[in-house]
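Below is one structure, written out as structure tokens; the observations come after it.
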Amino acid sequence: MALPWIVLFTPLLSAAIIGAFTKRYHNLSMGISVLAVIVSLAASIGVFLAPAPETPLSIPWISLGDFQIPIGLTIDGLSKAMMLVVTSIGTLIHLYSVAYMKDDDGKGRYFGGLSLFMFSMLGIVFANNFAMMFIFWELVGVSSFLLIGHWYNKSAPPAAANKAFITNRLGDFGFMLGILLVWQATKSLEFGAIQAGIGALEANPALAALAVLCIFCGTLGKSAQFPLHVWLPDAMEGPTPVSALIHAATMVAAGVYMLARVFFLIQISPCALQVIMWIGTITAVLAALMATQQNDIKRILAYSTLSQLGYMVMAVGLAAKDAAMFHLVTHAFFKALLFLGSGAVIYACHHEQNIWKMGGLKKLPVTFITFLIGTAALMGIPFFSGFYSKDSILIAASGQNQIVFGLALFTAFLTAFYMARLFVVVFFGKARTENADHAHEVPPIMAGPLVLLAIPSFIAGYGFFIDRFLPTPAHAEHSNVPMFAIAAALLGAAIGAVIYWGKSRDPINIRFLENKFYFDEAYAVLIRYTQDLLARFSAFVDRWVIGLAVRVAAGCTWGVGFTLRFLQFGNLQGYAFFFGLGVVALFYYLIIK
Amino acid sequence: MLTLNDYLLVSGLLFALGFAGVLFRRNLIVIFMALEMMLNAANLSLVAFARFNLVDGLPNYNGQMLVFFIITVAAAEVAVGLAIIVALYRARQTVHVEDISTLKF
Amino acid sequence: MPYLLHLLIAVPILGAIAILLGAPAKKTAMAAAAVNLLLTLVGVFSYDQAASGYQFQSITTLVPEWRLSYFLGVDGLSLVMLLLTALVTLAAIWVAPKVDSREGLYYSSLLFIAAGATGAFASLDLFFFYAFHELALIPTFLMIGIWGSGDRAGAAWSITIYLALGSIILLVGLLALYLSIPDAFRTFNIVELQALAAQGKVPQTSWIYLTILIGFGVLISLFPFHTWAPKAYASAPAPTAMLHAGVLKKFGLYGLLRVALPLLPGAAQEWTNLLLLLLAGNILYIGLVTIAQKSLDMTLGYSSVMHMGYIFLGIASFNLLGLNGAALLMFAHGLSIAVLFAIAGEVRERTGTLEYSKLGGLAKPLPFLGYTFGIAAFASIGLPGFGNFASEILVFFGAFEHAGTALARGIHFSNFQIVTIIALWGVVISAVYMLRAYRAAFLGETNKSWTSLVDLKCCVRPAIVLLLIALLVAGFRPQLFLNLITPTVKTFIAAQ
Amino acid sequence: MSPIFFWLFSALMLGFGACVILNRNPVASALSLVVSFLGLAALFVGLDAYFIGVIQVLVYAGAVMVLFLFIIMLLDLRKERRRKIKPLVVLGGGAVVIAFVAQLGFILRNFPAGARTLEPLTGPFDDTKNIGFTLFSNYNLPFQAVGVLVLVATIGVVILSKRELK
Amino acid sequence: MISPNPLFLDIAVLALGLILLLLEAFDDQKEKSFLGWTSIVVLGAIFILSLFAKPVSFAEGSQLAQFYRADSFALFYKRIALGATLLVLIMSVDFRSILSRFIPAATPLAGTGEFFTLPVFTCLGLMWMASAVDFVMIFVSLELVTISFYILVSYMRRSAGSLEAGVKYLILGALSTGFLVYGITWIFGITGQTNLQRISDIIGVLPATNHTALLFGMGLILVGLGFKVAAAPFQLWVPDVYQGAPTPITALLSVGSKAAGFIVLMRVIQAFSASPEIMAKLVMALGGMAILTLIYGNLAALPQDNMKRLLGYSSIAHAGYLLVALASWGNGAQAPITVSFYLAGYLLMTMLSFLVIVVVNKATGGDDIANFNGLGQRSPVLALGMLIAMLSLAGIPLTVGFLGKLLVFRDAIAQQQWALVIVGVITVGAGFYYYLKVVRAMYWNAASDSSAISVSGLTKTTIGVLVALIFIFGVYPTPLLAMLK
């Protein structure tokens, strides 16, 4: 009975111990954190195997009359699957980090952050009500902030961390508003109760659409959907294992998970679904386009993550939440693999991240092979997991909206193209720098997770695997969608490989894509001309209007006093004159008036 | 026939005259004289009031009592006032109003 | 235990007098503050929650014909505020840096401020409720004036005159309230007044409420009466800023809860829209102003003004959720802002400046300060796990509840909802400025001149940890506090 | 008292009163004041206030004015030095005085009792006796108080005038 | 405990004054300090006796009853007079060294004897004013006070300031006396009476045609008394005279003269309240004066930097608050209590501040605010005393000054005098500024000379007592209120 609690709270305990006491004792902290995640994994396996508990697991957090915010756990297929994904990938990444962060002087802090993240992420997974969801939603934001800004003493990571947190806050603004709207309509926060009382919301389509879109704002931020996608590439300033765990496999997928969790709510508003679908599609296409012109290995993967998240959101928008979850799971594995692989590459090349300064890395066998598996899965090469999950989304799209379907295919093509580019540039050709030349294979503790992740990346698409965890969408037998998908993937891969084979410079230079459609610049301008200007204007008003008004009032008072003083000019007769004036005035006032 | 108002008018004019003296003269001693004029103007009114409001066929002696006290007090005031003015003159060799305005603002 | 409250007020005053007479300053002050914290805890734990209501009562009639008495007593709400006072006082005295001259005056001033706040929260008589608060005015004036930094003279003057004016406006309002009650019932006794209000014997005069609102509003730095606050907090020595921003400013809010709303619920409703407008100003406008600040102290000063808006929102919604949220937020905000000011003070102590352009990367040489500042900063912008979040979320729900149930058709936002949306946006704004501040001061590359700074001494750290623990307790188990607050809040609501 | 005398003495009083103010020589002012007060004394007599009239002559014309003159001589005061006459002062002061007189006129016009005329006395009229009787019977307390006042004034004059205090 | 007849108090003070005079005259000691001690001890004893005195009423129609009343208010103001004089004498002990510098003394400290004697007579005048219910008595006792003040203000003949103050007070005081007398004349002319009670009876039945003239008379009296209590627009003498006069005399002027002025003013208003129409006009006029006084006193004080001058303006300001109470006369039940309570508090805090000023002047040779720089370090006792005095004057709660203001505002609000309330609020705020200026000097600023200031035991004790009373009456006003029943 206590197992789910153990899953949830062991990482918290670890984070608390590290945060409060052992932060400075690096190896001890590391040990605690790794132990915690392993315990959590073990317990989650236990939870997975055990039958769903009959009594709901819940502890009250706030309880005021009818208003209840409990910390309550949902244990169903969805959460179990997600839990396993989180704990298993989490465990692997903890292990990987042991080596990757070996000499970091903030190691204790790092592992504390990881533990905190595990706790927060699992909280989202288990949440059975909106308030709790929101609580952990915020907490993953903070752990993400902490881990992105891990190297706080440099200038870029803190900036990226701030950007991530604030962008997320923007999404959370809508999320909270959505929660409030739903609560106002249904008077409950718990998913089950909301579902029971959904009629109140359904009756008012406008309100329903608004509420759903507001809630979707949460996804917009957390899953970095257009137009709030800008933070994710910058988040790559964090250590690579963090990118793998948080910014590829789990946290960014939380948005999709949340949509799946409250799908009963989402689906009441077709209009909102349309919006969600289009947002997903746009994100998928734009991100894929941007990915084609990036040079930083992690950024390419980041844009690819964006693109894939767009896929999932699109799937939700297509009302294919199972497909979305399916893709989420497979993507979690292969993207984590890819990130860890890129980490291995970076590690091998002495923290070099520019793909044009690598090359010829096929001499590192473990990295090369696992990366290849990940790449294939991402491209959607048949027999690899990504193919199946992507396929189920494409099928959903083809059935509903041909434009979206076309764009999705185009994205698949682009995905294959940029992954081929990446793969070819990094692993083939000659080593283009000294670092790449002296690259050496990663230690076993890093290789282990790579291998362990490569397995599910390969097999996760197969029914025998995934069906244990998730309801998979029925495979349409007579569809020719898979043909299109395979064609797009192969075409993309082939073009990419051909263009980039043996190149030492990028033969294609599309500034517009390289600069990510100038989103960052546009946003900078937008912020400068809205928020900053408003802020400065307000500060001006505060100082020169309100502040001045106060000061002028005070000054006037003083001035009047200063002036009055001059009545007191010392001359007796002057006083007598004012005396007389006073007398006359008094009589006027008293008698004549 | 003479009315009360005639007396009151005359006394009021004397009062105003005294006040004008206080306002316009710069010699402290003369100012002081003007103040005496004001007191005397009040006295005139008092006596007139007393005379015009007969009590049992006699002037209202309460008024005259007041006049008596005013005259006495005024005399005492003059004595003290002149002593102060003399002391001032000794200290500053002036009895001009304009010269005694060091305390101000 | 009727003596408990007497002791609570007497201990700091006696401590201050002892210090003025020559007792070792810091030790005595610490002892007094510690004793007070213990006493407060005793009070909290021996308060009979089942019985609720005012307990530890003690009444001494002073002027029978005015029904003026020295009446002490606490309910759950006051206990929470007393706890806040005791915690922040202890921490403030603890972190107070070494004072070169007139140590006695420094610490006795702190104790006087604490005594004033304690007295105000423990009084159940309008007169003393008001009087105790003003007791803190002069020590604040002295402390900012003598030990402040920057434009200390200007800051000291502006806070003192502004607060004095606010208090006198408040006094006029309270007197008018007192006089508006029929002669036979007139009393200063808050408990009796509440009973009268329940019987409908307090006339609901709308201008009286407005006067009281403005009076309290000035004390709370309600927009647009806020200009004193940022300056004063920026200039004040850290312990003063902690006590003032953390505790004293809550007096106005406490007063609204304790006096204005229960006694004038009808009149209050007439001004709800005005209050909403002003508090939206607090949140949105002040939030924007905060973003534009260029130094840490000013950012914190403005942020403390901004957060008042949330408490106002909770109070304005006047329902179980909103009031509970407001009360808890008073507690939580008091703690978090105290930590922030304490750390800002420590930083200024070391660097001599708090301008962002000169700071940066301080977390490297000052890991403890950087770490705790980060925690407190996140707490103050509403991170779950800290009391601020728990209370803010209650405030939001409370405000939405006030708007009633959703329409059957179409979308319509009531004023309350619009302001709530603004308040939600304020959460974004506060993240922007707080993270900007954190990054500018503590993160990034370390300025060369700061590499040799020395971190906070170990013996002072518990002060900050104490406050953070309290914040965490309020965040993880808000129910502990809500259980105390709710009965009081229920009586307020019932009176409406 | 016939109106002719009244107006005559009034004119005397006011005329010399004006001289007090207009004369630039303090001695002349003092002497004008004596004459003015004599006129006033005559008016008192006209109002059947013989005792007061006599006192007026004795105390004012006799004692007080002598004191004034004595002091003026003692201090050897000359004519007031002609200083710049400030038109503003004259204008302002004049306006105040005129306004005061105008207000007085307004009061007098609205004072119905003021139209009363002199009625003959019918009581047992012995002015000095009546005054003395009233003073020492009814006005005993103020009389004592005035005694203290005079004492204080005496001490004060001594303190303020002695060259050297012992 | 025996309760002495209030008349006895007057007689005792008179006797004390005469005995002191005789002692002064026939004692050939050069050093007159024993005179001071005698006066302090005896006056203190009389003051204590006065606390046990009970109001008595004299037979209607008796000679005494026409002029003199010994009701509880009279008694209260007698106590104020006694207390103020006592404190002034205590101050004078410290002040003697300054005084002797400015008088042409044959030997050091010679000629200071009268400085202890004359205030006793002033006190007597004040006590008579407290009891006076007839314009004759009012006039005579008021003049006794005024003339003794002329002498005392110009006492320091070698100080140009003292003499200048004396002359200004003399001329303007005499001017106001002229107006007062002229006013009394008119009232007498209309009513044929000088006794307030009888005047009141007549006014109640007087035809309305007489009201113009009556108001004229009342206005003139208001001018005369307004001068005494330092009400605008008759207040211009105050700062100059306060600054120039010997400090203890300034204190007496500020408290004694004002208190006596107010009791007389209240008795006169009481008499006039018999006619509602006149009362309405009167209240209007008082309200107008109150506004002017508040604004002038409080605002003109802002830029001051001389302590005594500052207190002069403060004295005007407090007259303003007292006038607010009078303008909120209502049915007359509250205002006299408010005013009396306020004045008692004003006595405590003003005397406390002057006491400190005297000691500081002695030590630093001046009474500018700058002379108080660093007082917090030089003499914590003095600084604390001054701090409490300033806070009480500013109206910080728990002090008696606050309670006084509370009562004033209460009355004004109860009578819905909104203009007065608003001006009051603004001026209280301004008041904080200038009172705290002194606090700033004492605590913020550093002294140019940081040596400690020695304070005599008597002064210390007095400061202690005054501070204690300020706080006690600030929260427990019942004893004072009981005296006013």
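All chains are identified by letter, namely A, B, C, D and E, in their written order; residue positions are counted from 1 within each chain.
Definition applied: contacts are C-beta pairs under 8 Å (C-beta built on N, C-alpha and C of every residue); 3 or more make two chains touch, one makes a residue touch a chain.
Values in this document were obtained by computation on a predicted structure and should not be read as measured data.
Keeping to the contact definition above, tell me which chains border both chain B and chain D.
A, E
Measuring between mean CA coordinates, which chain is farthest from chain B?
The most distant chain relative to chain B turns out to be A.
Taking each chain's centre as the mean of its Cα atoms, which chain lies farthest from chain D?
With centres defined by C-alpha atoms, farthest from chain D sits A.
By Cα centroids, which chain is closest to the centre of the whole protein?
Chain closest to the assembly's C-alpha mean: C.
Starting from the mean Cα coordinates of chain A and chain B, work out the distance between those two points in Å.
Here chain A and chain B have centroids separated by 95 Å.
Centroid of chain A to centroid of chain C, CA atoms only: how many Å?
From the centre of chain A to the centre of chain C is 35 Å.
If you average the CA atoms of chain C and of chain D, how many Å lie between those two points?
That gives a centre separation of 70 Å.
So what's the Cα centroid distance for chain A and chain E, whole Å?
Centre separation, chain A to chain E: 76 Å.
Touching two or more other chains, which residues of chain B qualify?
Residue numbers touching two or more other chains: 8, 18-19, 22-24, 26, 31-32, 48, 50, 62, 65, 69, 73, 76-77, 80, 84-85, 87, 98, 100-104.
Mind pulling the residue numbers of chain C that touch at least two other chains?
161
So which bits of chain A are touching at least two other chains?
565, 568, 570, 572-573, 576-577, 580-581, 583, 587, 591
For this entry, which pairs of chains touch?
All touching pairs, sorted by chain label, are A-B, A-C, A-D, A-E, B-D, B-E, C-E, D-E.
Over in the complex, which chain C residues touch chain E? Could you list them?
Residues in contact with chain E: 20, 62-65, 70, 101-102, 105, 127, 130-132, 134-135, 137-138, 141-142, 145-146, 153, 156-157, 160-161, 164-165, 168-169, 171-172, 175-176, 178-179.
Hey, which residues of chain C end up touching chain A in the complex?
158, 161-162, 224, 226-227, 285-286, 288-293, 320-321, 324, 361, 363-364, 371, 378, 382-385, 389-390, 393-394, 396-397, 400-401, 403, 405-411, 420-421, 424-425, 427-428, 431-432, 435-436, 439, 442-446, 478-479, 482, 486
Across the complex, what residues on chain A touch chain B?
Listed in rising order, the residues are 565-566, 568-573, 576-577, 580.
Looking at the complex, which residues from chain D come into contact with chain E?
It is residues 103, 106-107, 110-113, 137-142, 145-146, 148-149, 151-153, 155-156, 159-160, 162-166 of chain D that touch chain E.
In the complex of these two chains, what residues of chain D are touching chain B?
Listed in rising order, the residues are 1, 3, 6, 10, 13-14, 17-18, 20-21, 26, 29-30, 33, 36-37, 40, 43-44, 47-49, 51-52, 55-56, 59-60, 63-64, 67-68, 71-72, 74-75, 77, 80-81, 83, 89-90, 93-94, 96-97, 100-101, 104-105, 108, 111, 113-119, 121-125, 130-131, 134-135, 138-139, 142, 146, 149-150, 153-154, 156-157, 160-161.
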